[in-house]
Every structure is written in structure tokens, then in C-alpha cells.
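Only one structure is covered here, and it is reproduced in the block below.
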Amino acid sequence: MSNALIQRFLSVREQTLSLSRPLSEADMTVQAADFVSPGSWHLAHTTWFFEEFFLCALNNRWPQSEPYRFLFNSYYENVGRRQAQGKRGLITRPGLSEILRYRRTVDQAVLEALDKGVGKELQDVVELGLHHEQQHQELFLTDILYNLAQNPFFPAYRPAASRPKRPASAPSSEMIAFSGGLERIGHDGNGFGFDNEFPRHWVYLEPFQLARGVVANGDWIRFIEDGGYRNPLLWLADGWKTVQAEQWQAPLYWIIRDGYHSMTLEGLQAVVPEAPVAHISYFEADAFARWAGKRLPTEAEWETAITCGDSPTPFSYGEVWEWTASPYAPYPRFKIRPGAIGEYNGKFMCGQYVLRGGSSATPPGHSRPTYRNFFYPHQRWQFTGLRLAADGPDAD
Amino acid sequence: MSNALIQRFLSVREQTLSLSRPLSEADMTVQAADFVSPGSWHLAHTTWFFEEFFLCALNNRWPQSEPYRFLFNSYYENVGRRQAQGKRGLITRPGLSEILRYRRTVDQAVLEALDKGVGKELQDVVELGLHHEQQHQELFLTDILYNLAQNPFFPAYRPAASRPKRPASAPSSEMIAFSGGLERIGHDGNGFGFDNEFPRHWVYLEPFQLARGVVANGDWIRFIEDGGYRNPLLWLADGWKTVQAEQWQAPLYWIIRDGYHSMTLEGLQAVVPEAPVAHISYFEADAFARWAGKRLPTEAEWETAITCGDSPTPFSYGEVWEWTASPYAPYPRFKIRPGAIGEYNGKFMCGQYVLRGGSSATPPGHSRPTYRNFFYPHQRWQFTGLRLAADGPDAD
Amino acid sequence: MSNALIQRFLSVREQTLSLSRPLSEADMTVQAADFVSPGSWHLAHTTWFFEEFFLCALNNRWPQSEPYRFLFNSYYENVGRRQAQGKRGLITRPGLSEILRYRRTVDQAVLEALDKGVGKELQDVVELGLHHEQQHQELFLTDILYNLAQNPFFPAYRPAASRPKRPASAPSSEMIAFSGGLERIGHDGNGFGFDNEFPRHWVYLEPFQLARGVVANGDWIRFIEDGGYRNPLLWLADGWKTVQAEQWQAPLYWIIRDGYHSMTLEGLQAVVPEAPVAHISYFEADAFARWAGKRLPTEAEWETAITCGDSPTPFSYGEVWEWTASPYAPYPRFKIRPGAIGEYNGKFMCGQYVLRGGSSATPPGHSRPTYRNFFYPHQRWQFTGLRLAADGPDAD
Amino acid sequence: MSNALIQRFLSVREQTLSLSRPLSEADMTVQAADFVSPGSWHLAHTTWFFEEFFLCALNNRWPQSEPYRFLFNSYYENVGRRQAQGKRGLITRPGLSEILRYRRTVDQAVLEALDKGVGKELQDVVELGLHHEQQHQELFLTDILYNLAQNPFFPAYRPAASRPKRPASAPSSEMIAFSGGLERIGHDGNGFGFDNEFPRHWVYLEPFQLARGVVANGDWIRFIEDGGYRNPLLWLADGWKTVQAEQWQAPLYWIIRDGYHSMTLEGLQAVVPEAPVAHISYFEADAFARWAGKRLPTEAEWETAITCGDSPTPFSYGEVWEWTASPYAPYPRFKIRPGAIGEYNGKFMCGQYVLRGGSSATPPGHSRPTYRNFFYPHQRWQFTGLRLAADGPDAD
């Protein structure tokens, strides 16, 4: 069997465990909001994914426990009823040690099967399961941060020293021009891609400009200090409603007291002006762009710019997910796959916006230029930021 | 001054009044939900629009009352604070007769000004105000229906005899093929258009098919009877949540008891199988299309098909607004106009879907092929239906 | 037949109409909160009461319309299903003129029956119906005030000149001592009384003191200015939660801007320091008493003091309903009457507090020393105030 | 120093720990509703009580951590701001082992002080702290049951074998007559009592009857099967609203499927017809009594009966807390104590009902005939049941 797949399986599964090591069973159990999940649920759900879609498919009914099937199914209607999403944090049995045992049992069965060899279709399921698990590795971190942020005493997930050194970001104000025209975007079929990246297709683009760097905390502080959060004319109507209802005055986790601080995975830290701004909603990204006299790029502009032509790409990305102006919608001729796997992406194509790039919490090698991340426009608990765009000179 | 504009002003303003004649002051006052407005508010708000944007602009401060400015501003942040949208139905002073007097006073001042003559810019404001008023004529009817539908005894707005005879609709299952390619959509600048219809621009379309007729009640009854409202696999995730939370089992206003009936402007009526289905949400339209093995058209497909080439258009439309698959977003190079008028459309470009066509409640001559109506995907109180689309044969 | 009863019927029914004369149909239709009712609903419901409990009982089925029975039943489970309380304001058909016609029809039928003569039991129903209607006369005024208060421009129900001159109140700080002991309270059976005033029974009271006058606006301003609304130690736990959730800073309808003003039936008026404070909740009354180093009286103390001995009563009351410390509970051996009339009071004996006295909105002759009014501790839209009490010297 | 107090301190503190031993850190952390608290919070809060009210008082500022003071203060406004009650379950730091260490540290300091000797006032604080802790021992069990009951697979807190054998209950239908008259109730000052049990005072009682036994599950099944939960005429108005809103059909934790079962601390168990009914609200107790043609006793009746005269008490109690008809209110001349301790009971005297007796979860020796427990009328997660009462023969 593909040794590479086995090695990757071992490595990705171990990486999830390593994320959980700094945490207590209590840390791994709670759920501070409907939209986050407990750490131990992430451990169990990613395991259930292999059990349900690989082992059950392989064995035509693996001896799976009904409780686990109920508790660790996320949203697959094909699989059946499940624990309400907002009540995952009330489940304390099975506990963490039983969930770790569950991981070991499933891992062993998957590895045995891979060792004996399985067909292409099941190999693809394992591949999907690993990318799925990597998505949950990022969610694990963002959810833990959200949960710990409920504690008024700013507990740290990891020591500040462990924070990876951020490279100096490219300037957010330097705009590069692109000529547009008829372009192709979407995954070309080489290597793994989620269903929502397909099919590759033509789009027509007007000339546009895109900033070399993402917006930095220092830029954001100027927006705050210029009254950005108090001026309704900068905001979408739904955005302004949210600003007022939630009393937003800064990005999520920011505390403005004796200067600008932010709750992070390393506890409370001073805001670094040069670092990319993170934990902003689409509404905020859109308002900032309007304040700056610019706009957000569409996902087609972003992808075209990032993959442009012969020259090396003029952009670096990967520090924060970048909100685009594109509502999350199916590409032309997008097809939902049959069975439960078909529920992976398609049914969420409504009301959300596409984000491109990747973040400091994204596992290395997980993202790519055609990757389409998506969240609701009010959501802020991911590492989300923005890059500015503008119309190019009019071709007419 | 343009006699045509004066005639149009008189005619549109009178049409609004004629809609209100069958109603009592009580009928005109209440507001059954945040998203509808009282009839008398529509009368006052459309008047305020002329006062604020025409008379005040003309006179550099027309003697306008602060209460009216507060009570009848809808959502213009540039104009100032205003009555909360969901609490318009609590305002009983000014009463209906005062609001009618307000209309007469403003009408007289506008007519005097038009008679004397005003510049092109102010003529455009009047033109915009009339189209604005026509939009409210449709809302007036949909809101009155919603309000009356709260009464468990099905009061009628007008006698059943007055119902316009519905033409036999074209078959919803007959699909016409289009070749796609690089097409232009958007308003070409001849005649009036709202800002969101501009600028005209290129789009690239894959080959597609579009149904000759919209979906009929009979089709919808088959969807219901096939368990369409009970099968989560047909629905978007947010749609299924809504179905469950709202316990939807049929279009809004339908009552399934001794057959299929529906609350209408003519009171409770039997559902006519041949008539277009109406009062469905985007979620339902999308689920129906999936059940039918089809999909919704994009707005570019719809507009291209409706305006295609040399041949007479093969479609009739105008019985129900047709949900498209297109999230409501700005066209490339869309520009928000300066001042309060700029708030007309742009700030709502988030979270809604575009509808095309027109409905039995749309004033004659108000719609056009480039018209972009928009509502949230869960909303059903408009006369909203759907037309099916499908991918064309693959050109590759 | 009793000419007196007929006269009283005519007079009470006319009094209700006279309250509605200053109001438009719009004013009479809206409902600004679940706990208030539209003016026209009060007109219809009090009529329905005579139809349901007098005419139907008399005729063993009077030709009553099902819609009216559904729409104007308040809370009688014995009678059947009914319009949701919070949605009475959405009903515009029947309109005001139809409701007035309904009143005339029912009045005529009642008067004809009374003229012919009816038995004691049905005479008692008429008597109950008239007291019921008087209760609704007070609710009519408090509900209209609440509805008009939603209008940011302070419309008046009646001209300020019409406001009855308030007598100078007795001092709220002058305490009169009572010796307590074994006392009897409750209605003695002479004249009309609601079921909740029965039976007359013994209670044992410790010595106590009661203030000669109710608390005045001037007292309340001192409480506000001493930080009464900001000090949690003065409040019951549920009261403090309410203060924070509702951001209470003064009695309902008060506006603190350029001094102290209040929305009243005469529009916005300056607060008169000597007048009794009104529109306060039980929570506020209780907190004020604690701040003043006193407490609220129990209803037994109040009734004993007001009806004491040989001497003329040392108290005047009737300007505001006075919160007592007594939860609303059945008197010993209280019996719920059979049939729908049994639902009049008994089923509300939970979670509310007893108020004694009467208010400026209470119809003359409607109250009496044994009268038990009751509201929830957070409610403020009635004309509610307080009188202070204290423990007497210890008898031990 | 009082050896007895030291022994009692050791024993009560150990008893709390022993309750937590069957539970994991996850079990001890979550909070399934605002009104329950996490197990580890109970451990910490009861410790904080000794630190705040004993050690700080003793040392005039014991080195207490601000986080603990914030996190483990329950509701003492005198002490300062605190963690929101409904968000205690989001705190995972300090974890369980740190909280256990905190207990040991405080225990040691208290014991050292007691060993050296402290004055009467501080001894009283320790005594209060121990009774406080015993109250939390009962809450610990009821909260754990509530939390575990959220798990759809019915995990058990302890093995079924450990369930204490329930004695055959006395018949709930056998009524014993009492003559009433002038009686004294309240604590006589011998031994410990909470402030709300004071002062002892006179009440006048009509003749009444009280059942020898509490209502049993078998009685309750008859109520269910007679349509008790579907008949609005049996219910208080607020009770019926709750039945409908919550869709109550049986006591909390009951599952009607293949007979009657109930989630218990021993997992899912068949309902034992002879055992006392538990987990019912005041609303249900009141409705049941009405259905049975009886009523609930007042707390004065209950206390008088239980402590009556020369004969041995004719009642046993202690299996379930018994709802009384008495709203929780201060006794005549009740005084709130100065300082934070004064917040213990007084500020909750609103909107709740008194329960008497004790339950299977009450620590031995914790209750007494004058004990006043109290909960809101809709609450059901305590071990709450009822005993029927009736009016005695009329003395008149």
C-alpha cells in the first residue's frame, strides 16, 4: 500500500494530538458558544469521520457504537440524527481518556486496512479525511482561543516564547495593477482539492489592482481612532446593525486599556502595529476598505493575481485568511457528490463569504491558491483579516 | 416644464391613494412584523422622500417638521435618526387624515416647482421618487396582505371578482437551450434605471437551459406530497434549519385542510394548480429545484435569456418575482452615489439574493429586464416564485 | 326590574364610551406591548363579557358570532380558544364602528332582559359585568397612556386643563402607630365584592406603624439623587436584575432632561414634587422603603389601619395604587366559583403582589378598603405608588 | 477551642469531597443551565466562603487572589463584582486539582485558627459556613444529575446498588385533622438556624387537615393518565403558560416509553409507584392538588402539624422537599443582618415559594422543622414533591 499515505496518516493524526497536549480535560470539554466545539469533540469527530466513511464502507458495517455515531456526527443528515451543535460541550461521557482510546482503536483499524491495501476510492476517502482533520486542527486552535478568552484572567494556551516570529508584512498600501480579461480559476485537478474548488472555469475580469500586503494592526488603529466604528456611512446596513447590537469597537479579543492589547493563544499581549490585523468580520473588512477609499477583491481577482502568469507571484499570504467580496456560491457546473460526502461543502453555499489565503493556525501544506474558505459575514473568531483592492484604469 | 413628468407625477401619486381606498384607518395603522410597514407609513414615507430630496434640495431648507422627518425616514443615515423600523405600527399621530393632508401639501409644492421648471438633476430626483413610490405600491400590497393574514377570519382586501384573470402559464418543464459565451448585462442607460443596475458589463456564461414557464402550484403540490418539506437532503443547511424552526410545510399563507387553500388579497381561496406558485423563500425555491433535478438560474443567465438576440423573447414573465441563484452583490465598477441617495441600494448588498421579473403586484411599467429586486433567503411575504434552469451540454 | 341596576348599566357603559371619544380609530387599534390591550378591544371585550355570561346564560345560546367569541375572550379557558394576548393589536376587522354597533346590539338585548326581569343570579352577573367594565376603564387609560408614550413626540390624550386638581397629599413621613393583635380582614358581604376579597377571616398582627401620606415625587427625586438606582444593596435580587436589564433610572415615563418631566395623559409635563409618585414597580417601592429605613405594609396592616376602630380613618387614599408587601394569595378557605366566572381571579394567585387603595384613573365608587388589586413586581404602567410602614414597638 | 466544631468542620468538608470522587474533571466542569453550577465551582465557592467571611475577617485581609474572589463569589454585592452565574461552566482555569489544593490551603488555615481559638462571632461564621456547605452538598447532587441528564445515553453518577432503600411511604390519602387557632412558628433559638427562620412569631390558623404521606409516583401516573397535563382548568395561569411553552407531560427526567422511566443519579431507572414523586414544579404540585380536590398546605400549617403538641409527630418527612402554598416572604420583624452575610437570604424573598421537609439528597442532620427552603414555581431540578392538605371543618 502507499507508504506515503500511511506516513501522512500517522503524521496528521499525531499532529492533532500534539495540539491537545497543553490542555486539561476541563479545557478540552467546554464550549463557550454554539459556533465553537470542544477540543475533545474535535478529537472524536475527526476519528468518527474515518470510522464512518472508511471503516464502515470497507467492512459494510464496522462495529460502531450508536452513542459515538450520535455524539460525533457533525452535520451529516445522511448518517442520521445527532447531538445538537450548541450542546456538544455538555457531554462529559465519554471522557478524554476514552476518546483517546477511541482514536487509537480506529487508527489501528485504518492502518491495518491500508497495510493490506484498499482501492482508489477508499484511498481518496482517507485523503479527504486527512484534509478534513487539518481543517479541524485550525478550528481546534481558534475554538480553544475563544473558550479561553471567556476567562477574565487571560489564561495562555502556550508560552509566549513559542509564538512563531512574524515576518515583516509587505505594505498594505502598495497596489499592483492587473489587466483582467478572460481568465480561468478553480482547481486544475493536480493534487487534492475540495469539491467546492471544482470545476475550473472561465471568468471575465475588469482591470483591477491588489495590495501587496495585508492590512496591519497599525492601519486598523488609525481606522478606530478616526471613528470608523461610529460612522454608519462606512458600513453595510447589516454590518451597522451588528456593530450596534454587539457594541463592537475593535477587533474581537482586543482590549483598549492602557493602549491596545489582545487576548491571544499566548495570553494577553500588546498589539503589534506591524502584524496583520486579525479577528475581524466581513462587515469590518468591508467598512475598513470603504474608509480607505478602496474595496475588497473578488475571489477571482485574488486567485488570478496570486497565480498570475510567468513572473513569480508578487504576493505573500498565509498570515491571516483574507475576506473577499465574493459570496460563497457554487462554481458553474459544480456537482454535489453522491452520499454523505456530498454534504461536505455544497449545502453551506448560502449567506457566507469566501476567504482566501491561510493563517498562522493553518497546518503547513494545507492551503493552496484555489482553496475556498468561508464564514458568515459577522463571524470573527477565526484568524481573519483583509487585503485591499481597487478598480483598474477603465479599459473602455 | 416637462408635461410628461407632471402627468406621471399626478398619476403615480394618485395610484398610491387608490390602493389605500379600500382600507380603514385601523387597517392602515398596524404592523404585524418588523419587515412590513403600515399602509399609512407607506403613504407618508413616499411623500417624505419628495420633501427631503426634492423640496429641501430646491429650497435649501423647506419648512419640514422634525417629527415627520424622524417618523418617515426609512433608513437614511445621512438624514439622521429615525423611528425604529419594527415600531412604525405604534405611531397613531399623525393619523391617516393628517397624512393625507401632508401628501396634498407636498404634492402641491412639487407641482408648483415643476410648473416653474427645475434643472435636470432635480427632474431626476422626481423620476427616482416616482420609481421609489412604485416600489412602495408593491410593498403596500404585500404588507397589507401580511397584516390581514394575522386575522384568523381571513378578511379580504378586495372582492374576489376584482382579481385579474391569470393567463395560462407556459409549461415549467419545457427547457430552452442557450449557448452562453461572453455576454453583456446591466442597464444600457436608455431610460430610468436604479443605481444597482449599472454599469453594463461583460460576463462569461457556460451553456445553459432555462424553462419557458415558471413553476406552478400543481408542481409545488407534488413537491409537498413527495415529502419535500421533510427531506433534509434537498435543502441548504440554513434552509433546513429554517424549515424546522418555522415548521414550514407549504408556501406562506397556504392552509392545507380539505384540500389546498391560500390566504390572498381576496381572502381565503382555493389554490389554482395552473397558477404560478408564490410566497416561497429562496430556500424553498432552491430545494424544489434540487428535487426536480434542476437548479436556479443566475441573474446573468436570466437577463441574457430574456433579452436574447434578434428573435422575440421566448419567455413571458411578470406573474411572480423569480428567485435567482445570484447573491445580491455590486456589479463590477459599481459606484455609490454621493449623499443620502447613495444609501438607496448599495448598503444592502449583503446576505440577500437577486430576484428578476416582476409580479402581479408590480405596477405596470415599473419593471424591466435589467431590474434587480432582492430579498433575504428566508423571506416569503412577497409574491415570489421560481423558474428552473439547468446546465447546457458541455462545450468542452 | 331593579331600576337602579338598569341606571347603573347605562351609566357605566356610557362612561366607557366617553373615555374613547378623544381617540381616533388608529389610537384605539394599536398595542405597544403584550400586557396592554387596544382601546377597541377593551370596548369589545367588556361587551363580550355581557354576551357570554349574561345573554348566553339567559337564552341558553344567544346567536353569538364565533369570530367575536374568539377575538374578545380574554383568558377564559372554559369558553375556548382565543386570540393570543400579545396579538390583539393586529386585528383591524371588526373595526371601531362595527365594535360600537356590537356594543349597541348587546346593550339593547341586556336592557330588554333587565326590563322583563331576571333572577338574582343573573342580576349578580350584570353587577359583576359592571365592576369588570370599571376595571377595564382604568386599564383603558393606562393602556392608552402606554401606547401614546411610544410616540417620541408626546401626544396628549386630553388637554392639560382637564387634569383634575390634585389635593395636597398628607406627609409621607408622618407615621401613625397601631397596636396589632387579632384582627379580621376581608369583605363582610355587604355590597359587591370580588371573589378574592372573601372570606373575611382572622389574622394576627404585630404592632406596626403606617405613614399618613403616600410617597411624593419630591421624595423620589431624593432617592434618585442619592444613587438609589445604582446601589445593589437596596434591592431585591430579582429587582436588581431588572434594574440592570431595563436600565431603569427613574419611574416609567420620566424623562430627566432640563429637570424632571414625565409623559402623562396630558402629554409631557413637569414633575410636581408634591404629587404622589406613580408608575413605579414593586421592586422600586421595596428599594425605596429600604433606603428610607422603613418597609412596605402588608395588606392586612393596610386594611386594618384604613378601617380602624371608632375614629374616622386617619388616611386618605385613592391617588395611586399602593404596593403592599403581600404576595397575592388566596385567603384561608377561599373557594373558586364553578364555571368560567371561577377563572376571574383565582388562577392569577401566583407571582404577583397585592396593591391597595385606588388611583386617579379608578372610576369613582369602584374601589373599597377590602379591594385587592394585583400586578407582577416588575410592572409599572399602572398608576402605582407606595406608602411606608414600619414595625411598632415590640410587645414582648 | 471547641473540639466539636473542629470535628464537624473536618467531617462536613470531607463529605463534600466524597461526593465529587466518582466524577471526572470534565463532569465537574460543565454547566448545562444558568441555574445549576459546575461541581468544581461548588468545591471552590464553599471554600471561598470560609476564606472571605472567616479568614479575611480574622486577619483583616488574608492573602486572597483576586481571580478567586471574582470567580467564586456567588452573589454577594458587598464583596464585589463576580463571574456571571450562567457562565461559571466556561472557566477551566483553575482546574480541579488547583481547586482541591485551594481547599486544602484554606482548610489548614481555618483549622489552625480554630485550634488557637476564636471568638463567638467567628465561631458562628464557621457554623454558618458548614450549613452553607451542606446546602451546596445537596445542590451538588441535583446539579450533577441535571448535567448528566443532558447526555442522551443516561450515564450514572453511582451504581444502582448504592441507592438507599426507600422506606414504604405513608399513604398520601390519609388525612389528619388539626384544630388551628393561634400558634407560634419559627425558630426558637436553640441550635443553629438560618436568618429566614427568625423571629418566632404568632400566626392564626383555621382548622385544617394534612396528609400522613407525600404523594407517590403511582398517584402521579393517575394524574397523567387522567389528562392532568392537558386540562388548563387545573392550572394556575402562569403554570399553564409554562406547561405549554415547555411542553411538560410528566415530571422532569421522566421518559414515557415502554412504561414510565426516569433519569436518576443511578442512570435510567423504572419509576417505582410507591416511591414519592419528585422533580415537580410548584405549578404541577398545585395542579395535582386541585385535581385531587385538595390544596397545598401553608408553611405555618406544615410546621404546626409537624411539631404538634405532646404526641409523637404523626408524620415522617425527608424523602422529598414539599412545596407549600406560602410565597417566600420575611417573617414579621425579620431583620437583615449587617454586612455581606445579610445577603444570605433576605434579598431572595420575592417570587419564590417555601418548601419544607428535606430530601434524599439533604445531608443527614441538615434540616429541621423550621427550615425554609425556597425555589421559583417553575423549577423542577431539585428533589421536590408535595403533601396534600385540606380545610378543616368550619369552626364558625
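As written, the chain order gives the labels A, B, C and D, with residue 1 at the start of each chain.
Going forward, a contact is a pair of C-beta atoms (placed from the backbone, for glycine too) under 8 Å apart; a residue touches a chain by one contact, two chains touch by 3 or more.
Quick caveat: nothing in here was measured; it's all calculated off a predicted structure.
For chain A, the chain whose average C-alpha position is most distant is C.
Chain C and chain D have Cα centroids separated by 36 Å. Centre-to-centre separation between chain B and chain D, using Cα means, comes to 58 Å. Centre-to-centre separation of chain A and chain D, using mean CA positions: 47 Å.
Interchain contacts (touch definition given at top) occur between A-B, A-D, B-C, C-D. Within the complex formed with chain B, the chain A residues making contact are 75, 77-78, 182, 201-206, 232-233, 235-240, 282-283, 286, 325-327, 329-330, 332-333, 343, 347-351, 377, 391, 394. Looking at the complex, you find that chain A touches chain D at residues 24-30, 32, 40, 67, 70, 83, 87, 89-93, 95-96, 147-148, 150-153, 155.
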